[in-house]
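Common to both upcoming complexes is chain A, partnered first by chain B, then by chain C.
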Partner chain A sequence: MRALIGAIRLQLQIVVADRGYLNEILTNPFFAVIFLGVVRAAGRRDLTTFAIVAPVLMTLWALSLEISGNVVSADRGVGILELVVATPTRFQTVVFGRVLAVTLLGTVGVVETWLVARIGFGVEVSVHHPGVLAGALAATALAMTGTALVMAGAFVLAGGARTFQNTMNYPIYLLAGVLVPISYLPGWLRPMSRLIFLSWSADLLRDSLQPEPAQDVLRRLSAVLLLGAGGFLIGSIILRLVLHRVRHLGTIGQE
Partner chain B sequence: MGGPWSGPAVVVEDLVRTFQPKKRPEVVALQGVSLRVDEGEVHGLLGPNGAGKTTLVKILATILLPTSGSATVLGRDVAAEATSVRPLIGIVLGGDRGLYNRLTARQNLRYWAALHKLEPGAGRRRVDALLERMGLTKRADDRVQTYSRGMRQRLHLARALMHDPPVLFLDEPTTGLDPLAARELRAIVGELAGERRTIFLTTHDMAEAEALCQRVTLIDRGRILATETPRALSEMLSRYERVECDGATDEVVADLSALRGVSSVSALGLSTRIEVDSDGVVPEVMRRLVAAGVTSVRVTRPTLEEVYLDLVGRRGMDV
Partner chain C sequence: MSRLGHMLRVLGWAALVGFRDTLGAVYTVQSWVLGLFVRMVAQVAFFASLGQLLGRQADVEFLLIGNAIMVSTSSSFTVTVATVGERDAGTLPLLVASPTSPLVALMGRGASFVPNGLITSLGALAIVAPLYDVSLPWARLPALLALLTLVTVSTYMTATFLAGFVLRSPGTRRTVSNVARLVMMAFCGVSVPLSVYPEVVRAVAQVLPLTHGLKAIRELFAGAGASDILGDAGLEALVGGGWLLLSLATFRWLADAGRRDGSIVFSTA
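So, the complex of A and B:
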């Protein structure tokens, strides 16, 4: 836990020293403008919650994967990765803490989107279930961070991981129902959506903005956390195997 | 610091490490290296660029895995028991790398305190104490990117000492430092040695090895050439002892040049240096000098650098 807190603190200090880490947060309002504009132009006020939730989740997703890659490549580039792996702390803990710090900062996207909707489009967004919103954001941040470990492992091993990550972003958003309702997807794809924690997160976040009572909140929060934990587990194993491999290959200190 | 272990601090047996660069032939960095470092010893590893020094340090520090052979630190195998080795070691790798330049020294050290799982209060106190010890307290809250090279190296040493490890691996810690900064760092290493820490030091610098190390291992092309005390290494070349004198006439120079066992007679400023290459020649040289009325005569031993150059040859060294 001390190492985890140390990693979170370090990342917050790095963000203060180098605000470039938060570029994704700055792009969030632009996505909000695009999605709210499309919904309004199409006359689909029923999809307003999609237009509000989508930029938030896209920001969190992009931010967590971006930082997971940066943690590895930047530490490797300046010779810190070698020193970190020679400490008693598992590298997974370091990556988890540092990604979590930035992902939690990314939840400020909720406020950004709320402001864009209110000021730019005159849309009054009411949070009818603040507990569900807070729980969904926290669970999502944790699940994002866990899943980001998978990418961190890929970044140690392959220089082309960034391209792969960028290629995969939009298919994931579509599959998870972040951009459009899952019901619009072909029937055979829909079961796969439920394997992506983002689909559960998106539903919960949208439900927190609806006046109707949110159903099965605990079960759905558990789904987010369980899928995130699965990502963390897989990511941890990958990272451990990858670190063993680069210690064997002797490429741990190479950029 | 020390644990219940009572054997050698570092044992390396028949260690081999190869690298396979892409589309290039395999590189053998270490070819069956064996050595022992006693607890509390300052042991120098001396070798030219590419000799395998850094590779050996990285294996001992659990950063790299050996291809074959074994190595232990305080009885723990660096490959199979890496997690139990890590709390016992501190590492300083050469060069400017290894720090977050946009953060302050204090922020950097607090991070390493956390990675070594120091309780927050103890971590803060340890950071303060190390900053003080390294003479960095006044600049502790300045970004590392504003530090001189010497200050960075001291910060590296503070990082390595964060968890008070009994074994330190220092990979060319004074490389690139100005003479004053190098002297300051050597003084700190000397203090650490006085605390009965085991220090494994790689260096190019002969004077550094002679000043700091109880024993020195010479390595070249991944092979150990010799492990001895600096003095014993000098004595290995005792048959190459030389005599220096002042005021030798041309006649004396000619006489000595013709003497069997004298390899060269050369001017050394106002002095003359007579090099020998056989045992027992020095007394005869001395006798002839004194007989010729030369009274300012001295016998000198080769420096560790000369021993090193003799053993390694003059292949691509930056010494």
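So, the complex of A and C:
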């Protein structure tokens, strides 16, 4: 636990020094302005919840992509990966803690979006189901961390995969129904959408802001957590394999 | 050779080097398609699907066209980041010390991002528009290409102006280019009609690149007459020219300030 907290503290210090992470947090208010502006221009105030949920999830996902791409390669770049691996603490624990720190930081997007809605558009955001909102945010943060671990492993395993790091935003936003529900996607794509935890998160978060009772909350929260846990498991295995390989080949410090 | 001739010669050579870099070192065909083009197509589809959610085909068309054009202008901001690439490669002090304005060399070096934006934008339009039942004005394609080039180049002028400031503070390069891009996305009529915003925001949008050019492109799609389109295109050209003058006025001053305090090479801010 001490190692986990240490990893979280380290990452928070890195975030303060590295503007890369702050960039993703900066994007949130702009997307909130765009989505709320579009909804207002179309006279569709009934869609305000869609415009509020999307920037929150987009910030979380963008931060998750940023950390998953950097967490191992940055340590390699400054020559401390060998030292981290040589400590008795499991490498996966360190990576998990660092990714979790960034993901938790991403929840600041909730406050940013709320402020834009309130100050910029005079929209009072009512949380009709606070329990669902809190549960969905917590489950999403955990699932995001697990998924980031898979991406971190993949980026290290296949160095060229980092080229596609930036590609993984809009296709995922579209496929996961972050803004527009997946019912608008062609039928053959929807099963694929349900394999992305964000699709369950987006529905739950939107439902938490609607006055109608939220249905099947436990089942849907479980889906988010299960998909996140699957990601964590696969990510841990990939990282273990990667470490074994680079130790064996003596290339731990090489890109 | 006249001064202008020298500048054009430097611009041409710099553009050639830039194209070679872009085609070889920055992108391969695979990384361009999978790393950039797919994302841009998805971005346009993402906003077009928002139009579907709103329930009116006019909204689908508005969002699709605005965001497809935005794709091209986004590419221009790569020059803001690329300036720091020169610094990292150690060539920036040499450019600043040379008798030609470093701005000319840097503008040439980044020129490849203009056709890159045009191809990406037209490709995204060609793929996404039929998926969302938006008709493309094929008969007016040369005019569309001309207007798209105009907005991309005028944005490029703004991006080079920002590149001067990034020289003084290289650590801000991504933040500056991202925020500039997002400001344009939010306030230039890309997704949100300007009528939604307060008067002051609308006034600022008039001096930003893209606002007038995008209006001209929307008029082209709507089948408007040449006089309406040319009027807005002229305003876009004026805005782009204004940003170019600002770049020329400030770049040398910013570079000289960087030479005086050493920040042009040593700053880590």
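In the analysis below, the second predicted complex is superposed on the first by the 244 of 255 C-alpha atoms of A that agree within 3 Å, B and C clash if a C-alpha of one lies under 4 Å from a C-alpha of the other, contacts with A are read in each partner's own complex, and residues count from 1 in each chain.
One rule holds in what follows: contacts are C-beta pairs under 8 Å (C-beta built on N, C-alpha and C of every residue); 3 or more make two chains touch, one makes a residue touch a chain.
Please read all numbers here as calculations on a predicted model, not as lab measurements.
Superposition of the two complexes onto chain A shows chain B and chain C fitting side by side, with no clash. By the touch criterion defined above, A:33 lies against chain C but remains apart from chain B after alignment on the C-alpha atoms of chain A.
In the superposition on chain A, A:14 makes contact with chain B only, not with chain C.
Looking at the shared chain after the overlay, A:41 reaches chain C, while chain B stays out of its contact range. When both complexes are overlaid on chain A, the residue A:89 reaches chain B alone and has no touch with chain C. In the superposed pair of complexes, A:6 makes contact with chain B only, with no contact to chain C. When the shared chain is aligned, no partner comes close enough to touch A:126: not chain B, not chain C.
Of the two partner chains, chain C is the only one that A:22 touches; chain B does not reach it. Of the two partner chains placed around the shared chain by superposition, neither chain B nor chain C is touched by A:210.
Closest contact between chain B and chain C, by C-alpha atoms in the overlaid model: 13 Å.
Interface residues of chain C facing chain A in the complex, by the touch rule stated above, are 31, 34-36, 38-39, 42-43, 45-46, 49-50, 52-56, 59, 63, 171-172, 174-175, 178-179, 182-183, 185-186, 190-193, 195-197. Of all residues in chain A, those touching chain B in their complex are 2-3, 5-7, 9-10, 13-14, 17-18, 78-80, 82-89, 94, 244, 247-250, 252-253. Against chain C, the residues of chain A that register as touching in their complex are 19-20, 22-23, 26-27, 30-31, 33-35, 37-42, 44, 47, 50, 163-164, 166-167, 169-171, 173-174, 179-181, 184. Those residues of chain B whose C-beta lies close enough to touch chain A in the complex are 17, 19-20, 55, 58, 61-65, 83, 86-87, 89, 91, 93, 95, 97-103, 107, 110-120, 123, 143, 159.
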